[in-house]
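In the two assemblies presented below, chain A is common to both, partnered first by chain B and then by chain C.
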Partner chain A sequence: MKAGASHGREAMLFLAAPFLVAAALLVGLPALLALGLAFTEYDALSAPRFVGAAHFLRLWDDPLFWTALGNSLLFAALAVPLRLALALGLALLLHKGGRLARSAVFLPTVVPDIAYALLWLWLLNPLYGPLALGLKAVGVADSGWLLTPWGARGALVALTVFQLGEVFVVLLAARRELPEELYELCELEGGGALTVFRRVTLPLMAPTLALLAARDVVVSLQTTFVPALVITQGGPRYATTFLPLYIYQNGFEYLRLGYASAMTWVMFLVTAAMVAAQLWVLRGWRASREA
Partner chain B sequence: MARTLRWAAALALAGAALLGGCKREEMTPEPARTGTPAAPIEVTLQLFGDPAEVGGYRQLIAAFEAKNPDVKVRLVPIGKQKDHMAKLTTAFSGGTPPDLFLLNYRRFGQFAAKGVLEPLGPRLEKSTILKERDLYPQAVEAFRHGGALQCIPQNVSSLVVYWNRGLFQRLGVPPPRPDWTWDDFRKTAQALTRDEDGDGRMDIHGLAFEPTLSRLAPFIWQAGGEVVDDVKDPHHLELLNTPSLEALRFVLRLQRVFKVTPTLEEAKSENHEARFAAGRLGMLLNSRRLVPTLRDVPGLDWDVAPLPRHHKTATVLHSDAYCMSRASRAKDAAFRFVEFALGPVGAELVARGGRTVPSLRSVAEGPAFLDSNQRPASARVFLDSLLSIRRLPNVAVWNEVETRADVIVEEWFYTVPPHGTRLTEADSTEVKSGQEAGGSMRRLLRQGDEVNALGQELTEAVQGILDSAPKREAP
Partner chain C sequence: MPSPVRLLRSTSRVLLVGVLVALFLAPLVVMFTGSLRPPGLPPPRGVELLPQGAGLAAYASTFERVPFGRALLNSVLLAAIMVPLSVITASWAGLALAQTSGWRWRTLAGAVLLLVMVPATAVWLTRFAVFKVLGLTGTAVPLVAPALMGGSPLFVLLYAVAFRRLPQELFEAARLEGAGPLRLWRSIALPLVRPTTAAVALLAFGLSWSNFIDPLLYLSGEDALTAPLALHALELLGSTQWPVLLAGAVVVTLPAVLAFLGAQRLFLGEERGSGWLGR
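And now, the complex of A and B:
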């Protein structure tokens, strides 16, 4: 038995090895290099110069950094619950059938990011876009709200909400794995749809939802880059300047790669803290249920 | 154990392949074997432009290669200037910069200050094809750093007024005069602005321009103001003095009072070039780079006119130059291309394409540029503008200053205060500077006036960047 377990671990290690090596080379190593650069003044054109913690201190006084961080957190706070709720609703609705509808839900996810952003750029055109024309047709002539800070933020949230194919597929699979006997039992006991959802579906799918929420927070903090760069260019007035865009601008437009590296590490730590907080809440919730 | 070894070998191979894939491209051509013709030396050239502009450079390269079969120029065209800059940065960072690239003088400082450019002045001195005295000094001066000429300018463009002759004629508006004033300019724009279907939205706009610091600069100079305290070593912006405020007030009134320019909604829905090409815009402020695109628009009858004058005449320099990477391993071949591109043959070829106002005087003042059979008919406007041309700073931080500033300028230009504008048709020249307002600059800043708000916000936003500029080297 022991030999079998050891053999299984060895096989798993071998299977995971390519990914571990790739992660170490493509993620771990660059992350460590970025950490090193964060303590230097580096412009990609001349050798890095050690400046200690100056960049981290400068971040404290950089109002645009705080704006970008705030925008990123706000985006995650709006987009993650919306995406999860919508994906869950669709998974529950479509788990028994509707192949065409399932394909339609998944389709926006396979569109390349740049093409998807350009498509939305056209959809959101304030005068000639379908959305503006549709609103005009129903009597809302003023589509200037799209150019307001909240309009632009809302548009970017809406854009990412439609790209929920991966979350949807995982939730669909999770729902189909739930034992039907439980639902039949609930039905026999006269439980309504809401009761069934609250007492059966949600508790059983909670681990999957928690995992997806953690993953979606990570993704949401990063996926804003392309739409913010292509559609809003960070505007109006920095309302859609998210951390990835601000990092890019500092690194590749202003040649402040050391400063950009410091911001990247702050973003990494914020992401880790948010995921840790979610897992902590989930653990507490599970402990309370088990008690 | 044997299986472990097999896995280890496979991983080692994968790692080797991965690292091999990251190896730098060898830039030096392989030496030719005896008895075989030498492989051409490859020179990479990176630039940005729309398809019409890039097409002109492809013709230039073809002509060069026909005369220089031992050199192969590989063009790396980029669509937008921002992406061009980002790619240049990453290429330098990765140790594989292009041999040659075009840079605007407002963005070249960050490269020059780091010493990654091969100074082309000494090569120009030795050249038998091209001489510095043959080039317009206004453009040459913009590419000096620490007193040394770093890059060689290919063009000496300026901001001018593109006007739709067909639209002017249809609406019975007199064409721009060479010595027109701000008032003439504003009245012309008003006469062109029309709501033809009466739906409350203008169908034709008299004027459009990108609300950026570089577009505001000539108006500030025309009013007798300054953008910065010292163009060679800027320490602060000068947008809160009386002449600058007069210019800003004039520009803002065009948008808020006379409503001759597209609104934010309209500007974001359709870019100004497309609006002009579609015949729904009377006048557009732009540099020479718009010419190839407009020539391709069938049926569009257009010309150019100088910017209007106020207390002074002034326009802003737009100039790009060929820069060479210090790390290039094909410097001689690359410089041969520069000599060809900027010399009589190359400059004439590019001039005929319409993209540039050649930096080479003989071509700029010759038939290739002033060809009366080609639009714009008044091409000489670009040359006449040289008399009053001024430039913006070329220091290392200026690119960042403009990038930060332009967001604020756009917001200022399009956003009417919540209580509505206090500007009126009557107050064309009334300006309250800090002194005239009877108080300190701090008091002026507290007033929150919609005109001086720009100067306040820009100063707040970019002063730190200007302060962080490296000390300028003595020439």
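And now, the complex of A and C:
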């Protein structure tokens, strides 16, 4: 009887078959293919030609590749902590009361990428964008952010940080799972808001935050593509040429598929290393708390 | 009578929340009011809350310049295929993840986690090559295919969390009566996680509706435009008529916003344990 039931349980794996097959075909196969293509010269027209590690050597000497990699890392280093901190603050502020406010915070996330990018291209327009006009009305004349490297980077970080809906909702749910009794106890003991945050909220939500950070790093490597393509076209002076944009240009515009594949693998390894580092920190932090 | 300190604190909270709401809504409001400006006028000199002679002329112009109607229809059709497909495959995989153990669970959980960690931009190049070899570029197949893996690994995880919270006895009892995996899914698991299904359906709709990169790579020609592509085409026409571009942006944004407003209580509800990790 028991064996029959457990056999039934294991049969559930069949339900995952479409998912597993599709994942293998749409992600696994392309990933392996990218590894193979990275060692070939391939332009999608004639057959691939084996060139050994030439692409990786060329990457090493390609200043634009290093710029793109640096830009992507810089973007993640700025956008991920900002988005997490802002989303955490909002979740703690809005977890009770004000469904309207929660909806408002989520709304920018709902806007389709291309519409969102166009909207910001207009908002940031130095001549007649609403931001420039608004600042001029209060006496600030300088509004050519998109024309300077750091202005353009900052603008892209700011506009993607606004789309924090998914992180916000997960943190909202995590906050609601915390035992309310703990907070009542703190209030009885007269702990200030900052103490409660440091001693109760932050430690209990840290695992969620760490996982969100790992996911957000991966996400931030791709969210740059549409804004960089539409708003800054990678400029000024390559300040917003991120890895996805550079891969897109090499692969789909110059048809250097082998070279782009080599870059793809570097990007994947960088992502994996960053995620592994974060999980390692999380594990160390947990161990130190349990000790 | 509340104490002055408390009163001050609650007023400042209301103020802070008000400022935040305004900050997050401002870009969308400005997009909408900007689209109401009659096209063809010189750009405004100062801040205007509601443009003079506000009207819908820019919208008419948007639909004239690119085949927006056709593009909207295409996007609706795509969503109509992708949302149910994503819900089905994600809930299947989620149920399997929630019910199996041992190596089966490890395989499945590993696959989901790996998918979460692979940036979409890391595989688009060679995925394109695969579809090109198969002769499927220029069709809707490459756009719909990701729905077969649940749309996003996140959806699989959401379902797995929801199914784990159901009492196991329900499943055991049904199994003893000889119910197979599909019947368990249809008559026990799925009806008990309606909030999760609604949340996943909404997220899947958002994913399919705002997908810009895949149509950009795989589709070409006027008949094959999707709504985001039509907006991109409008931009590439080199229009400096901002009201027209903004009207296009509003047209593309509106369905997503309406869908969200319809389902927001599922995400943002007040009750403990609700939201998209809903029970």
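In this section, the second predicted complex is superposed on the first by the 273 of 291 C-alpha atoms of A that agree within 3 Å, B and C clash if a C-alpha of one lies under 4 Å from a C-alpha of the other, contacts with A are read in each partner's own complex, and residues count from 1 in each chain.
Rule of thumb we're sticking to: a contact is a pair of C-beta atoms (placed from the backbone, for glycine too) under 8 Å apart; a residue touches a chain by one contact, two chains touch by 3 or more.
Since the model is a prediction, treat every value here as computed from it, not as a measurement.
By the touch criterion stated above, A:225 is placed in contact with chain C alone, chain B being left untouched. Legend: residue contacts after superposition of the two complexes on their common chain; A:14 is shown touching both chain B and chain C.
Once the two complexes are overlaid on the shared chain, A:252 sits against chain B and chain C alike. In the superposition on chain A, A:236 makes contact with chain B only, not with chain C.
Shared-chain residue A:126: touches chain B; no touch with chain C. By the touch criterion defined above, A:102 lies against chain C but remains apart from chain B after alignment on the C-alpha atoms of chain A.
When both complexes are overlaid on chain A, the residue A:44 reaches chain B and chain C alike. Touch counts on chain A: comparing chain C and chain B, the chain ahead is C.
In the superposition on chain A, A:147 makes contact with chain B only, not with chain C. By the touch criterion defined above, A:30 reaches chain C but does not reach chain B. Shared contact residues of chain A, touching chain B in one structure and chain C in the other: 14, 18, 21-22, 25, 44, 125, 127-128, 248, 252, 257. By the touch criterion stated above, chain C contacts chain A in their complex at residues 13, 16-17, 20-21, 24-25, 27-28, 30-31, 34, 43-47, 89-90, 92-93, 95-97, 99-102, 104, 107-108, 111, 114-123, 125-130, 132, 145-146, 148-150, 156, 171-172, 175-176, 180-182, 184-185, 206, 209-210, 212-213, 217, 227-228, 231-232, 235, 242, 245-246, 248-250, 252-253, 256-257, 259-261, 264-265, 267-270, 272-277. Note for the complex: chain A touches chain C at residues 1, 4-5, 8-16, 18-23, 25-27, 29-31, 33-34, 37, 44, 90, 93-94, 96, 98-108, 110-115, 118-120, 122-123, 125, 127-128, 130, 133-134, 136-137, 162, 169-170, 172-173, 176-177, 214-215, 218-219, 221-222, 225-226, 230, 243-244, 247-248, 251-252, 257, 260-261, 264, 267-268, 271-272, 275.
Chain contact summary for the complex, chain B toward chain A: residues 3, 7, 11, 14-15, 18, 82, 85-86, 89-90, 92-93, 110-111, 114-116, 264-266, 268-270, 399-400, 403, 407, 410-411.
If you check the complex, the residues on chain A that touch chain B are 14, 17-18, 21-22, 25, 43-46, 125-129, 143-144, 147, 234-238, 248-249, 252-255, 257.
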